[in-house]
Amino acid sequence: MAITVPRPRLTWRERWYLPTIAAGLAITFKHFKNTLLGRTKVTMEYPEQKWDAHLPDYYRGAPALVSDAGGRVRCVACQLCEFICPPRAIKIIPGEIPPGDRFAKVEKFPQEFDIDMIRCIYCGMCEEVCPEQAIFLRKDYAITGFTRADMVHHKEKLLEIGGVMHGVVLKWNEKK
Amino acid sequence: MPNEPAVQMFNVQIDGVWHRFPKGTRVIEACEQVGVFVPRYCYHKMLSSPGNCRMCLIEMGFPRLGPDRKPELGTDGKPIINWMPRPQICCAQDVAEGIAVRTDSPLVKECQRGVMEFLLINHPLDCPICDQAGECRLQEFSVDYGTSQSRFLENKVKKPKAVQVGPRVTLDDERCILCSRCIRFCQEIAHDDVLGFVDRGSHTVLTAHPGKSLDNNYSLNTVDICPVGALTSTDFRFKMRVWFLKETKSICTSCATGCNTVIGTREDVIYRQTPRENDDVNSCWMCDYGRLNYKYLEAEDRLLEPRIRSDGKLVPADWPTAIGQAALHLKQFAASEIAIVASGRMTNEELWLTAQLASSLGVKCIDIVPRRGRGDKILLSKDRNPNTNGVRLILGSRSAPGAKLMAIADAVRSGEIKALVILKENAMHLGLSVEELARLPALIVMNILRNAATEKASVVLPACGFAEKRGSMVNGKGRLQRLNRATRPPGNARDDWEILRDLLQGIDGGDSLHSIEDVFRRIRETVPQFAGLSLSKIGDLGVHILKIEELPATHPSDEEAIEQAIAVQAARRSVRSDLDRAYANPAESITRQAEAQTAPRR
Amino acid sequence: MDWFFIITSLLKITILLGVILFMVSYAVYAERRVSAFIQDRLGPNRVGPAGLLQPIADMFKLLLKEDFTPRSANTFYYSLAPGLAVAPAIITIAVVPFGSTLFGVPMVVADVNVGIFFVFAISSLGVYGIVIGGWASNSKYPFLGAIRSSAQMLSYELSLGLAVIPVFLLVGNLRLTSVVRYQIEHGWFIAAFVGDWMNPWKWLLAIPMIISFLVFMIAIFAETNRLPFDLPEAEQELAGGYNTEYSSMKFALYFLGEYAAMITGSAVVVTLFFGGWHFPGIPDGYHGWVFGLINIAVFFTKVAVVIFVFMWVRWTLPRFRWDQLMRLGWLFFFEIALVNIFLVAGILAYGPRL
C-alpha cells in the first residue's frame, strides 16, 4: 500500500534554499577547520595507539584451549564446539589416552584441535557450550598470517594462547 | 490372517481409554501401540523381560467384581477399577481381560524420578567423553523423567573401565546400569552364554564368565542394544561423535542374507555400520563380520583413476579414453574369443548392463565367481555373494553360478579366449597365473582394489564399493532390497553402472540410459519378477520377489554343481584361507580384506 | 611561424600538461583528505609525510590491477571511451591564460579569439567519453549512467552558455586574455566595485554578475558530474554508473578525466569571474620574471581555492533526484540566466561606460 509522506509546506524564503545551503556549508567547514587544526580527535591511529589496556572484560578475541593447574589439557575432545561452531571453523580429531598415563581415566583427549581463524567469527559459542571449561575466548585480536595455512591455529598454538586456567571446576582431579 | 484360529482379544484400559489387544502382548507393548511411551532400559522387544531396571513402573488395577463374579459397572457403563496399592513393572506383564493401566499418575512420575536418581547414583558424569552421548537412553530419560540436581554427596563406586570383554567389544563397568540386555542377547539370540553379573549391590559388575570372551560373531549387537555407554565397539570407540554421522539406509553385502543396515558417515568417511530393523530379514541384528567389512573401501590400494596400457605400461587416462579403449579392444575380437566374468556382488542394474554388454557382443562365455563360506543358523549365509539370486534372474543362466569358470580358464590358457572382461572380481580366482593373464591380448578389469591381475590389465576401470552407489540386490531368500549411496567414491572412481553403461554405449552406440532408474525400468520390462517395481517402490525394507520354490537352496543338484566346481578350483590352487580368518576375527583382518573380498572358497 | 614560437608553445604545453596531471593526482588526494576532515576523520596519512605520496601508491595500484573487459562489450569503443573522456578536459585548458608573461612569452598556450566558444565546444565533447563508455560496456547500469549524463550535460550546457554572456557583453570580446585584461582594468567581475567603491553602477552591476557567477558555477558542477549533480555515476543507484565495468588504467583515465574537467572548470571560473592571474597590487610579467611567476602562482592558487569549493560542496550536499535536476536546469537556471542577460544589457545601455 502506498503511503503518502506529507511534505512540509515551505515559505517562499525557504524555497530559495540558498540560506540553508550556506548554513550546511558553514557546518561542514567548521568540521573541516576543527579537524585540520587538530581540535577534533576521533580517529585512533591504530598501530601506534592501541586499545589493549582498555579492552572490556567481555571482549571476545581468539578462542584458545586452556590447561589446568596440573598441566592437563582440559579438553576431552567431546566435539561439542565443533558441532556448535556456526562457521564450522573447528576441527577435532579425538584420541585415546594410553592406559599407563596419569590421566588415563579421562580416556579421551584431542589428538588434533584446529581452529581456522579465517572462518572463526568470534561468536563465543564454543566457550559457552564447552562442558569441560576447556575453551575460552582470549583477548588476542591481531591474528595474522601469510598463507591460509598460517591462519589455522593448531593445538599447540591454541594452548599457547590459552595458558593455564586457575579456579575452574576440577572434575578430573586425583580424588574423584 | 483369516486361516489362523482367532487370537483371543483382551480389553485393556490405558490412561483411562479402553483398547483391545491380542493375548500375549506385553503391557509395555500395548502402551506403545496406542502411543503411550513408557520409559524402559532392560526391556527389548526381541528379548525376554527380566524386569530388573524398574524404569517402566506403572499403576495397574483390576475390575471390581461383584458377588456374581461379574465386573461392577460404574455410572459410565464401564467397569470400576480396583487399583493396586503399589506400582508394577509393565514390561513383564502380559495383557489380561479388564486390566487397567495408569502411566502418568503422580505415583508413576515419582517412581520414575526415584529410579532415575538411583541409576544415576553411581553413573559417572562423563557424557563429554562417552561415545553413547547423543543416543544414550540414560541421558534422554534423565532429561525427560529425572531431576536436574543430584542429592548424592558420597563418592561414587569405582569399577573397572575399558575392559576388553571380547576382541571387538570394550566394556566400561562404571557406566553399566545392569539392565542385562547384553546377557540376555548372548543367551537367547547368539546362543553363546558368556556374560553375567558378579558381586552384589552397588558393586555388581558385568563381566565375561571366567575363561570366556565375548568373541562370537554377533558380539557387536550387544553394543547396539546397550542403553548406555557401557558396551562400546572397539572399532568405533572415540572415533566420532554420533551426532555428526549422516545415516544412510542400506544393506550389508557381505553375504546372501542382506541384513538391513544404517551406514554412519561423515564427510565421505564411513565410521560405522549398524543393523536396521527388518523382521523379514535380520530382525534387529547383524553379524560382526558384515558390520566391520567396510574398511576396504578406504584401503590404500583403492583404484583411483582409470588406466590404459600404453607401450606396455599402465598409464592414467581420462574416462572417455579408457572407455573408448575398452570398447575398441572388445570390438576387434569375435564373440567366441571374448569371455566375461561378472560378480555376485554386482547390483541387479549392473548385472543387467553386463547382460546387455554380452548380448550386444554376442558373448556366450559369461559367469560369476561363486563364493562360499561357513554359515550359521542365525544370520550368516553360506553364500557370501549378496546377489546370487539377482545373477540367476538377470543373467538368466541355466547352470549353477560358477559352472563355466573352469571352461573359461581353460580357454584363456589355450588361447581360444583372447579378450577377458573381469567385473568386480580378481582374475586370479579363475586359477589363472599372472603370466597367463599377461599373455591375454585384452584384459579389461573393473574393480575397487588393486591386485596382481589389475596390474596385467589392458584397461583398468576403478569402480565403487557398496556404500558408494545405489542399486538393488536380491538376497538369498528372494527379497529385493536397495543399496543407497552413503559416501562419494574416492578419486576418479565412478559408479559401476555408469561405467558399464558407457562401455555398452561405446559398443552398440545407444544413448537411452540416463539414470539408474532407467536401467531398473528396463530390467522391469525384461525380468518378470521385477514387474511393477521401481527403485523407489522397493522401499527401505525391500519386497519379496521370489517364491520359496524358486530359491536355489531347494535345488540340491545346483548345490552339488557349485560344490564340485569349487572343489576342482580349490585343488588347482593352494590358497590361504583368508575368509575363514576374516570370519573368525573380522576386526583384525581388515587390511587384507581385499584378498578376502575376492577369494572364492568355502 | 617562427621557431621561437613553436619551441615556447611546446614547452608551455609540456609543462602545463605536467602541472595538470600533477594537480589531478593531488586533487584526488586532496579530495580524500578534505572529505576526511569534513567528516572528522584523518584520511590517507600513511604513504609518505602526511600521506603525500598516496597518489603514487594509488597510481601503482591502478596500474597493477587486472584490465578487465566484459565479454559482451564492444571492445573498440570500450577502449576508446576513457580516452575521449580525458582529452577534451585537458585540451580546454589550452585557451585559458594561466599567467601574464614570462620572459615576454604570454602564458597561454593558444590565445584564440573565440576562446570561450572553444572552451564550450571542446568540453561538450567530454560527454561522448561517458556516453560511448556506457554504451560499449553493454551493461544496464553503465547504460543508464550514460543516458543520464547526456541528458544532464545537454540541459546544463544551455545555462552555462547563457551565464557567461553578461561577461562578454561587458568585455565585448571572446578572447579570454581580453577578459582578464578587462578585469585588471575594471575590477573582477565577481565584485567590480572593489576599488571603485563610490560608483553606484558598479554596485548595480554586481547583482547580475553574482547571479551569473552562481549559475555558471552550478552549471560547471553539473557539467563535471560533481555532487550534487553526480547522477551519472551514482554509486547507490547505478553501482558506479558509466564506469561500472571499467577497471585498472581505463578506470583511472575516467577518474583523471573527471578531475581534469574539474580543474579546467575551476580555471575557467577563475578567468571569467576572479580576474585570472591578476591580484591587486601585483604587477604583470613585463615588470620582471619574478612577477610573471607570481602571477602564475596567483592563478593556480585561485584555481585551488575553487577546487576546494567543489570538494566542500560535494561533501556537504546530498544528490538531487533526477526530476529535480531537470526541473532546476530547465525551469530555473535557464530562465535566470536569460533574464540576467537583459539586466546586464539594460545596465550597459542606460548606464555609463563601465
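Observations
The first chain written gets the first letter, and so on, giving A, B and C; residue counts start at 1 in each chain.
Note that a residue touches a chain if its C-beta (ideal position, glycine included) is under 8 Å from a C-beta of that chain, and two chains touch if they have at least 3 such contacts.
Remember, predicted model here, so these are calculated numbers, not experimental data.
In this assembly, the chain whose C-alpha centre lies farthest from chain B is C. Taking the mean of each chain's C-alpha atoms, the chain whose centre lies closest to the overall C-alpha mean is A.
Separating the CA-averaged centres of chain B and chain C is a span of 82 Å.
Remark: chain A and chain B have CA centroids separated by 46 Å (rounded to whole angstrom). By the touch rule above, chain A contacts chain C in their complex via residues 21, 24-25, 27-29, 31-32, 34-36, 40, 42-43, 45.
Those residues of chain C lying in contact with chain A across their complex are 34, 36-42, 312-313, 315-317. Remark: chain A residues 76-80, 82-83, 94-96, 99, 105-108, 131-132, 171, 176 touch chain B in the complex.
By the touch criterion stated above, chain B contacts chain A in their complex at residues 125-129, 133, 155, 161-162, 237-241, 243-244.
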